[in-house]
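Same chain, two partners: chain A is paired with chain B first, then with chain C.
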Partner chain A sequence: MDTLLTQILNSLFYASILFLIACGLSLVYGVMRIVNMAHGSLYAVGAYVAAWAVGLVASYLHVSLLLVLLLIGAAAAALAGALLEPTLLRPLYQRPEEYQLLMTFGLLLILEDLMRMVWGPYPLTASALSEFFPSISVLGATYPGYNIFVIVVGGAAAVGLWAFIYRTRFGILLRATSQNMRMASALGVDVKRIYVQAFTIGCLMAGLGGAVVMPLSGAVLGMGVDALILAFVVVVIGGLGSLEGALVGALIVGAVRTLGIMYFAEIELAVLYLIAAVVLFLRPAGLFGRA
Partner chain B sequence: MLELRAINTFRGPAHVLRSLSLRVGDGEAVCLVGRNGAGKTTTLESAINLLPIRSGTVLFKDRDITRLPAHARARLGIGYSPEDAGIFPDLTVAENLEIGRIASRADGAAGRAAVDERVRALFPEIDALVSRRGLNLSGGQKKMVAIARAMALAPAVLLLDEPFEGLAPVVVTRLVEAAKRIKAMGISLLIAESNVTNATRVADRLYAIDRGEIIFQGDPRTALANTDVMKTLRG
Partner chain C sequence: MPEEVSRRDFLNRLGVTIGAAAASAGSLVVPTPAEAQQSFQAKGKVPTTPYKTGHMTFFTGPAAVLGEPSYKGHILAAEEINAQGGLLGKRKIETVKADEAAGTDANVKELRRMKLSEKIDCFTGVISSGNTPALGPVAEELKTLTLFTDGCTDFLFEKAVPNPHYVFRVTNIQSADGVMAAIAASMAWPKVTKIAHIHPDYSYGRNAFDHFNIAMKKLSGNIQVVSEAWPKLGTTEFTAHITKTISAKPDLLFTSVWGGDYIALYKQALRYDLFKKMKVATTLAFGVVPQAIGKDHPAGVVAGVHANYHFLYPAGNRWLPNAQFVKKYYDRWKEYPTFESEGAYTALHMLRVAVEKANQLVGGWPDDQAIIAMLEGLMYAAPAGYTYIRPDNHQGYKDALTGFLVNSPDYAFPVWDLKRVITVPIRSITAPPGYPKGEPTTTYKWIEETWPKSA
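Up next, the complex of A and B:
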């Protein structure tokens, strides 16, 4: 029973992080029809900036206040998004998709090198943050408190994003633009503004994901690419462009990873790709995507 | 109110509109009549700037708006309902209407409420559809919601692309009545229409377009009596 509960919590923990990364990737594709290869790097930017900010003031502030600094990581990724979309992506919207893929792939490489240049090759850590949370006893099972915090952040992000997209005026504009960009502009919607806002929100979510995972795994070179690959598996299963798809995809991948670590660690990734391939074969647009 | 002066528009490599000029006066209902492929949709898309013009000038209330993007034109008061109605399929009818309301020119809450009331009076049947998703509407319902949505902008001129196409005669009559009431509100209309008879039911003035050029402009009755024009329009 304890093991089962721990595994469920582990699944939710993975799913939370995966959702934070994949929801932004899916949102950006849904609204702008751009597959952002640099999305994982913005997740890494969130981790690095959060670790750097925590390291800078760790000796002056109480640990509980340092948690707030995680938001700086998210804000940095959002700011990067707000600058990158109008400067590097906007000029390419009239061109075929390959150009956008090439541009975002180039951006991935540049961001990876920039992070290496600024923060060096060694991981940045802030484990004091995760250690600040005592282990919690849930129905007899003992579970790390920080992991529960990550699950709560992921859940809150899912609810918040859902409410934002389906319950606000901005959400209506966002959905209208994603469904028919030309018609939206003919009705007074400034599509350029919606694009930069959607891209910024996507990057904010990725940055938040990177920032909350950082106290556990550190900010490490290459973490962005690893995250991107898993995020792609999530959106392929759930359906690129769908928020519900990102959530369900994250839960599936989270559960399979947890099971994989226990029972088939050597082929864990292969099993994930196999599931993605089966979904692609049976439902090419993903479980929640629209062909 | 709205004027296109010697505009040239291309679709890809095709030169569609050739030095086309057209004027819609204040409170006037103007029909642009022509066969399929004559350039009617291109004219309307040029007017709202969904398709950029290559040369020429677009004036709105005597102001040069040639360089303004589509959304800025909509906010100035140019409403648009495309041929396929352009209803957002996954948005409810209420949300579709809300899009028009967000960019509305109406002043304050009272102004917006007055516009809402006017739209409701125009199409009372929409009240029963507000929670329905766009993709579940019939052809006639889509056209009504598209016009109502453009009206929510509180426009000064409304561009309607084939508003009666593919609809049952009773629905066409319903929409013709609506167009007349919109005109009675003092809103100018530019309607692209391939059916001359339908056009004459609404139009104060009529332009006939063929291969991207205006071949006739004037009173609808004069057009009906002009055998050359009618021959071109009926093919």
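Up next, the complex of A and C:
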């Protein structure tokens, strides 16, 4: 029983991280029709900047204040997004998709190398943050308090993003642009501005994901590529361009992976791709995708 | 009915030493890095063209935490040799580097390119066990003198390159990892029977799993595997693996997770109180640069170093090659060396010694055949201890070792408890030359067939 509950919490924890990575990828595709291959690298930027910022001031500040520094990681990724969209992506919208893929893939490689140049080849850690939350006892099992914090952050991000897109004027413009960019533009929507804002929000979510996961797993070279692959699995299941899809996809992947580890340890590697394959076979556009 | 002996007799028979003076030289005269160079006089006319080495290791991705120290060890040795004028005092070593993270196929192409267009004289490095079996046969085909400094799978010289001529490997064989962890665990915790495993799902993890289990069966009698988890290499999210492991209520967790993955694993395991609930043995907790592991890591864990080298051992000034190496390495790079640094450093110095010996025999610059003849059977006083190249399979042999983690006020990171370092002569835990080949490795078969069961 205690194991079951712990594993459910583990699934939610993993789903939270997956959602934070995947929602931005999906949002950017939904609005701009761009598959951002560098999305995982922005997640890594969030982790590295947060680890660096925490390391810089860890000895001066109380741990609870360090939590605020996680937002610096998210902000750094958002800033990178705000700079990258107008300079590198905007000139390519009129071109075929291959150009955008090549550009964002090149960006992935450059960001990976930049992170190595700036922060070196060794992992950065800042586990004071995860130690700050005491482990709690759930039906006799020990569960890390920080993981609960991550679940709360993931949940809050989902609710916040939903409210933002469905309950604000900006959200209406965003959805209008997503549904028909030309018509929105003809009606006076500043599409350029919507694009840069959507891209920045996408990067912000990725950076937030990287920052909150950093106290548990460190900032490691290559984490962005790994995250990108997982995000793709999530959006393939949920449907590229759909926020609900990203949320449901993340929950499914979180739960199935945990089940796989628990009962079919040997096929852990394959299990995520198997679900993705099944979904692609039954619903090629994903569960919530628009064909 | 297999022979039964007491565990203590059995360990004595293996030649297990704990925290004692290893590297007792006896009457062997073996060159050490510093002495040998100063007294050397080259015979005949040696050209002054640079000697080009190609060093391949991980510079990007999660394995850079192993690759960077490998490169630093290589460069340190090259700088030392070049400070003496180069190989034979004449040929300066130049290094072309290549990123192993490019993938196996690209690595094979890169080796060809380095040989054919960069005209390297010698190929060194390589960390992944997935890469050495692909690169070995190509190096033979290209007739490129090759000194692998890791990529230590048993498969390389058993199957991929069964009759090596140009290819050597200076670091210990992979099967030693699992066996050493089993020896340490069975000595420290003789009552352990229920074992949980967490391993990266590729050849290295499988190898560690197999050899730990077979050695543990022989050393501790009837063990029972109560939980297995096979995370993908590069995973940094282990919560479900940890919960599964704890729920199986094992006495011992054995894990070969390494690099950034291990850092994530231990930090997350801490929060679940895993270390309070079971004993833990690893093959590579100390494989990364020392400062990458925090002092929050619980003490008493078997902290493996790939059965190769930890910078504190042999300790103090008892073994000059290590004392000198650690000091030079620290002065040069402002960090302590790892087993990867030691392997890359030792490979280049063994090459130097072989070239010098060959020069004394043939005069002038010796050709590869003469260098190979000298490398075969070479015994060298490396920082880790005596390293010997077995002529029949070109595999480097030295004492395998592992230790227990302790937090000492002298260092900003955890280190080995020097009173409890465990060393075993590698011949005691590896199939002898000529032993019939078997599955999954010859050593596995040899342990299964010849080791007594200790009672």
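One rule holds for everything that comes next: the second predicted complex is superposed on the first by the 286 of 291 C-alpha atoms of A that agree within 3 Å, B and C clash if a C-alpha of one lies under 4 Å from a C-alpha of the other, contacts with A are read in each partner's own complex, and residues count from 1 in each chain.
Heads up, the rule we're going with is that a residue touches a chain if its C-beta (ideal position, glycine included) is under 8 Å from a C-beta of that chain, and two chains touch if they have at least 3 such contacts.
Just so it is clear, the model here is predicted, and its values are computed rather than measured.
Q: Applying the touch criterion given at the start, work out whether A:258 contacts chain B, chain C, both or neither, answering first, second, both or neither.
A: So A:258 only meets chain C here.
Q: For A:168, select first, second, both or neither according to whether it touches chain B, chain C, the two together, or no partner.
A: Once the two structures are laid over each other on A, A:168 reaches no partner at all.
Q: Give one of first, second, both or neither to describe whether A:64 is in contact with chain B, with chain C, with both, or with none.
A: So A:64 meets neither chain B nor chain C here.
Q: Counting touched residues of chain A, say whether chain B or chain C comes out ahead.
A: Of chain B and chain C, more residues of chain A lie in contact with C.
Q: Thinking of the overlay built on chain A, is A:116 touched by chain B (first), by chain C (second), by both, or by neither?
A: In the superposition, A:116 contacts chain C only.
Q: Quick one: which bits of chain B touch chain A in the complex? Just the residue numbers, please.
A: Spelled out, the residues of chain B in touch with chain A are 48, 50, 69-71, 74-75, 80, 82, 86, 88-91, 95-96, 98-100, 102-104, 149-150, 153.
Q: Help me check something: in the complex, which residues belonging to chain A touch chain B?
A: That would be residues 169, 172-173, 175-176, 179-180, 182-191 of chain A.
Q: Applying the document's contact rule, which stretches of chain C touch chain A when the two form their complex?
A: Checking each residue of chain C against chain A gives 59-65, 67-68, 101, 201, 228-232, 234-237, 239-241, 243-244, 246-247, 259-260, 263-264, 267-268, 271-273, 288-289, 291-292, 294, 296.
Q: Could you list, by residue number, the parts of chain A that touch chain C in their complex?
A: The touching residues are 2-3, 6-7, 10-11, 13-14, 17, 112-113, 116, 120-123, 125, 127, 130-131, 135, 141-144, 146-147, 213, 216-218, 220-223, 225-226, 257-258, 261-262, 265-266, 268-269.
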